[in-house]
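So, here's a batch of structures to check.
What follows is a pair of complexes built around chain A, which joins chain B in one and chain C in the other.
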Partner chain A sequence: MALTNLEILEEPEPSAAPLSSSAKNAGSASRGKLIWLRLRSTARFWIGSIIVLLLILWAIFGPAFSNFGAGDTDLLNTGVGPSGAHWFGTDGIGHDLYVETALGLRISLVIGLVGGPLGTVIAAIVGAFAGYIGGVFDKVVSWFIDLMLVLPSFFILLLISPALKKLSWVALVFFIPAFGWMIMAQVVRSSTRSLTDRDFVKAARFMGVKTGTIIFRHIIPNVASLLIIDATLGVVYAISSETALSYFGYGIQAPQISLGTLIADGTPGATTQAWLFLFPTIALVLLLFAVGLVGDALRDAVDPTSGVTRD
Partner chain B sequence: MTESPLLEVDNLSVEFLQRGAATVNAVRGISYHVNRGEFLGIVGESGSGKSVSSMAVMGLLPSTARVTGDIRYRGESLLERDDKTLSKLRGKEISMVFQDPLSALTPVYTVGNQITEALKLHDSGLSDKAADARVIELLTTVGIPAPERRAKAFPHEFSGGMRQRVMIAMAIANDPDLIIADEPTTALDVTIQAQILEVLQKAKEVTGAAVVLITHDLGVVAGNVDRVAVMYAGRLVETGTVEQVLTAPRMPYTMGLLRSVPNMQTAGRSRLVPMEGRPPSLAALPPGCPFEPRCPASIDACSTAEPPLVQIGGTGPGSREVACIRADEFERGTLGIADVFPHPEPVPPEEQAQVKGATVLQVTDLKRHFPLTKGVVFRKTIGSVKAVDGITFDIEEKQVLGLVGESGCGKSTTILEILELARPQSGSIELNGVDVASLNSSARLKLRGDVQVVFQDPMAAIDPRLSIEDIVSEPLTVRGASRSERSAKVRELLETVGLDPAMSGRYPHQFSGGQRQRIGIARALATDPKLLILDEPVSALDVSIQAGVINLLQDLKDSRGLSYLFVAHDLAVVRQIADVVAVMYLGRIVELGEADNVFSHPQHPYTQALLSAVPIPDPRVERTRQRVLLDGDLPSPTQEIPGCNFHGRCPLFKILDAAHQERCIQTDPSLRSVHNSSVACHFAEENPLRVTGVDITEKEKS
Partner chain C sequence: MSLFLLRRFVNYVILTLVATTFSYILASIFENPAARYLGKNPRPSNETIARTLDRYGTNPNTPVLERTWHWFTQLVFHGNLGQEYDGTSVVHDMIVRSGVSLQLLLIGSILGALLGVALGVWGAVRQYKASDQTVTYLSYLILSIPVYVLGVLLMIVATKFNDVIGTNAIVFTGQYTPGTSGFWSILLDRLSHLLLPTIALMLTSAASYSRYQRNAMLDVLSADYIRTARSKGRPRNAAMIRHGVRVALIPMSTFFAYSFGLLVAGSIFLEKIFTWHGMGELALNSVNQNDINATTGSILYVAILILISSTLSQILYAALDPRVRI
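Our next item is the complex of A and B:
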């Protein structure tokens, strides 16, 4: 018999105030508040978000502390290791790696922070509409999602990269999420199908609320917790996809730099000039690790039964 | 008392320790006993501790529970025993029937296997053959048809009622001396409930066991048990024989329960008495009597100390126990139930809405068949489910039509068809004289304002993420009302349904079930509809809360001239509020007429069976009633039944001669007028079955 306390107690519902009093209710926390309470007490969340915040600040303001600007070459000090003048060292033609890493981080951050959530937005809209409208529309969308899933997205990105090269790096912000929304869309679609049978959605329909309004007002807010987690983990996906593409030379093109291009440039000399490889890699690992921590903490806070909760 | 009781519970307390929260005192010092062969009823609302106390007897509480006091079975303490020795006792000497028969059986083993397991667990020497024979004997006892064949069936092949019978068969498998039944009929339809209670009585007679029946329904208690114990907030507040407690309660809580629950005898003639407030939280109890905040008879002394359960009325066989400091006044008759819980006044005539009696809703020959398909890629239709199969009714202004029937009879499909406001598969729906099939989308949106719905489950029916203001004003937002208009209307509506308008900024989880249902009603009223469709609006609410919502609906009808389509399976609730009643069976209406007429002189055998299955919380009536019991369950809706679709279960069919029976099998009866009602039965005039106990004339004689 697996009975939890609550089931046995049949406690009808959280405390509701009597009709007259109004301030008595401060004790009963809403779902949002509850998540925040759980989140607040997890170290992972704080460590992760502080690291992310520091990295963002450094990417924006870091280069200002250096005597060198973007693209400046110090011809007297080419290929030297970290020193007082060049904190992260320089590459073969005298680029300051401290400045380069910060600039690369900027592009990676933009792609991650915009591209990741963008995939979630696509997933939410496609999934919710397919699940709510159902019928032929749902079938077509499901087929399309299945089709996208069987095609390896990385290779498609490789295939269209010649076209990408002509566009600015900003195109990547849109192309990466375009191939990363399918699984989440399926999750949203199935949650929507069960929400559609709920009485409050039916009630809204019988009130004459329009389909679009129902989806944005009743469906999507009720899967919001899923979406927030997905958006966070989507950041990791977008950054690592960008880095991988750039590493192989298909993503960010010179003169633009990203962490991917920096790591690619530094790899040949990884044994002799380790700093070229090390600093961009540390920045990347730190960023992915920190965002992952936040996402992980969020998932545990939203759904305490997933994985191990530390409390 | 010559022999010692079978089970003695002595000052039992159960606490649940919660990390970071106050300890929940689920049971606070209760004492009771069960004699051999006795039938004890424990009555209480959800959260009163009635289930926890019986779990403690079975030793089934989780480890977070701290149990103190003593439980003695045959004079020996159960609390000191370890789980292993308790397991020997469980099932053999004490057995349990759970509330939810759907989850109490293992889906991967046959029913026969599961009963055999229960048998062999306590009697390892039993041969397979003997076990099989015993299984069949048990299944026969609990009334399962074709037991040899059904023993080899899996749980999913049984209906809810049949599964509950299997559970009872398992419970009596080892001839226990004590059966604990925890809400055994709550999840079941009323006709099935009557069957299960019969089976439980039979099981008691066959095994001679004592039975503890835990329930929230005073009616179920009335006809079955010998003694009743009423629980409130973890304590016993009144015990006594069933006659004493139900006919002359001495504790205001028991009185309130009796007056607030719709009752087939009084329904429709006297208004219900709502009990204000809700049960206290068991984590933070105030010092006085836990019922004091809700008690209309409370005096200053009530809030200082909790009254103990004391004996009143002498020590003889008529003795009883009550936990109320004013019990003496009730006993002497200086304070009566009518003083404490007077019936509230209806809406005065001058405030009643005047109506002309125009038809609001006209449903003609409505049909909805769902195709049954097979195959994934190429679907082919292999049959159809006739969810709604040609029903016709109309509702006038300020009229309440009660649509009743067991689950699966097509009630819900009917209301969904009406609410869609789309062209029905077959037949027609006219709202305010407009045929919904002719509507374009803007006219449909306009008409949606005239018909609104209140759902069964107030938790599910309102979006948990919106504030009350947003929820109630949603229908107005759709119609383009301005912000100030909306908030004025929300304040007015909240006031109308008895909520404080200042609470409009709060969220649904801050309200109790009854309050949420009021929010649902406020939202439905936002567009000033003419017709409200009420889908089981009180069945998800606790018994003491129901009365307030029913009274509100009645007042709203009177003051606003609303019409209701009131869908319910609870006939007493329908009796309370409906003017006209339609009884549905397998997608058809089998009887339609004025509520008074249908309830006092039911003519269709199905209506008669439904009515006689409703328990009445009055033991004198319950014990003298004649019952019209139905056999079996609702047939599968996919089945094609020739002739009258009720003849397989019909009690009248069984007593007809062969020539008459032939007519039932051959010809499908249509609705025809018999004694002022429409009845779909060939032999309504010659029907010798009578339902007693709900008859108004009979009641007035007594």
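Our next item is the complex of A and C:
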């Protein structure tokens, strides 16, 4: 992911029992259970989750409460501020901004919630295979990752944007994570290399378990906590990428709307018709803030020793 | 040690060249330079279009690999990146524009790093006190605001400020006011234009640096050698700075390199918002204008910046951590 996390860059403590087996030995506190216990008591986790949940619910059901539908124009009330009829005001041609913001949030949410974790999946698979197989394959993959890190993902997306514009917005769900998995793959790779020498992995290998099975059953569950953090922060990365691309006109194209295009439309009049700029901006900032809080709480729960030990 | 750095540097240079060449190929595939002429009235004949495009080395009828090879040899042997669609030399334009862009990028990122490190250290020392909590939540908030939105918000604040005091004290459109003369007034004018974009870039980078610096510093503060230094009789502040901050900066040097890419992207957004005629404008506009040479030129600019920052962070790492200096 394009997120750059020092905690993530550090190697995790490999736990001998993979997370997936936590349900079987419920008596002893497994790693997953410990993380959940710590997570449960952090306010940031709950505040963040609840805000995200409310935003999702609003994006789905919010437009139903308004008298206006998608694309409806109220020609008698163009460019008016928030009122009883138009809760967030209207734009220059009478689109209801309350409905538009909810619809824009929908697309941004889909891109974030699908695209972010997708990047983590790519990172986990590439990193684990490169680290476990090693040799020439590992060399080639590492070099390829280094190559992709030369350019920030925004510029690669900018380069292929003429092609993206011709595709539907759904393409962004796949193209954004396609250029945002490299750093996490490096982390997974280095963790995998240290796991490869552990007894439980060796035992599986000598018993003749297939490489793919070892990776999915033993390696990936052991880096699962890192992956969960990465998936969460990947949501932030995906939404930020989409809104930045759309803001400058390279992402979502009209007639589709996302928070990025709404903020871009509101920018010219930001000082005179502030509502056009502020409402989509608040929705975006609130979403990123809440997801960031969850990610941060997760990171603390996974590695409680970082940042609290002090005499 | 210097051999190691040199090897890394050569590796980066090769990666930069390869990445830029790939970018040229991507741009050649996805951009359609002929589109610029098809919309003209009267529409130029196909032969004229082909001849013009040939001159720029962007004729879609020539195979992509052949064009790429031509472009690559021009770059490597002549240091030539071709011409933009209006005939300007890309290299010349890049030199002029990067002068504009680097002002913002360098001032903003250096101030941001200094402020971020200072805030991080301060937050770690005052962990869980009200001031630490305030800085923490403020930096979360700033990190959640895209930098271009931050730029617009600062513009709104500046407009309100100008309205209140009644004069145009903060100017924020473009890079300078045309027609200003005299050394001091030009300097003042430039600084005034720099103010808002620099603040935006500085706040964003300071917010992320402070988070990491705070964590790195907290890890260090509980270390034995800090206690040793204290028990030798070093004052608290001296122990913190001499033994604490220096060690806590080691992981940061890697983070600087990683985050620099985001910073470059951020400064390019800000240039666009504040209508500066820098590399950002070239990068964003050239894609819309189907200008393959200019697009690749701006990509090369970004890649070179990343190359320099990665090398610098390697050197910084070696300077801070004696263990790698073998």
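Just so we're on the same page, the second predicted complex is superposed on the first by the 278 of 311 C-alpha atoms of A that agree within 3 Å, B and C clash if a C-alpha of one lies under 4 Å from a C-alpha of the other, contacts with A are read in each partner's own complex, and residues count from 1 in each chain.
Keep this in mind: a contact is a pair of C-beta atoms (placed from the backbone, for glycine too) under 8 Å apart; a residue touches a chain by one contact, two chains touch by 3 or more.
Predicted model only: the values in this text are computed from it and were never measured.
J.: Counting residues of chain A in contact, which comes out ahead: chain B or chain C?
T.: Chain A has more residues touched by C than by the other partner.
J.: Taking the superposition as given, does A:Val285 touch the first partner, chain B, the second, chain C, both, or neither?
T.: The answer is second: A:Val285 touches chain C but not chain B.
J.: Looking at A:Thr267 after the superposition, I want to know if it touches chain B, chain C, both of them or none. Which is it: first, second, both, neither?
T.: Only chain C is touched by A:Thr267; chain B is not.
J.: Identify the partner contact of A:Ser161: answer first if only chain B is touched, second if only chain C is, both if each is, neither if none is.
T.: Only chain C; A:Ser161 stays clear of chain B.
J.: Which holds for A:Ile60: it touches chain B only (first), chain C only (second), both, or neither?
T.: In the superposed model, A:Ile60 contacts neither chain B nor chain C.
J.: Once the complexes are superposed, what residues of chain A are shared between the chain B interface and the chain C interface?
T.: Common interface on chain A, chain B vs chain C: 4, 9.
J.: Using the touch definition from the top, list the residues of chain C that touch chain A in their complex.
T.: Residues of chain C touching chain A: 11-12, 15-16, 18-19, 22-23, 26-27, 29-32, 127, 140-141, 143-146, 148-149, 152, 155-156, 159-160, 212, 214-216, 218-219, 221-222, 227, 251, 254-255, 258-259, 261-262, 264-265, 269, 272, 283-284, 287-288, 290, 295, 299, 302-303, 306-307.
J.: Tell me, which parts of chain A touch chain B in their complex?
T.: Those in contact with chain B are residues 1, 3-5, 8-20, 22, 25, 28, 30-31, 198-200, 202-204, 206-210, 213, 217-218, 221-222.
J.: Looking at the complex, which residues from chain A come into contact with chain C?
T.: Interface residues on the chain A side: 2, 4, 6-7, 9, 146-147, 149-152, 154-156, 158-163, 183, 240, 243-244, 247-250, 263, 267, 270-271, 274, 277, 281, 284-286, 288-289, 292-293, 296, 306-311.
J.: Give the list of chain B residues in touch with chain A in this complex.
T.: 16, 18, 24, 26, 46-47, 51-52, 55, 60-62, 64-65, 277-279, 281-282, 293, 419, 444-445, 448-449, 451-453, 455-457, 459-466, 474-475, 478-479, 498-500, 502-503, 506-507, 509-513, 515, 520, 523, 527, 542
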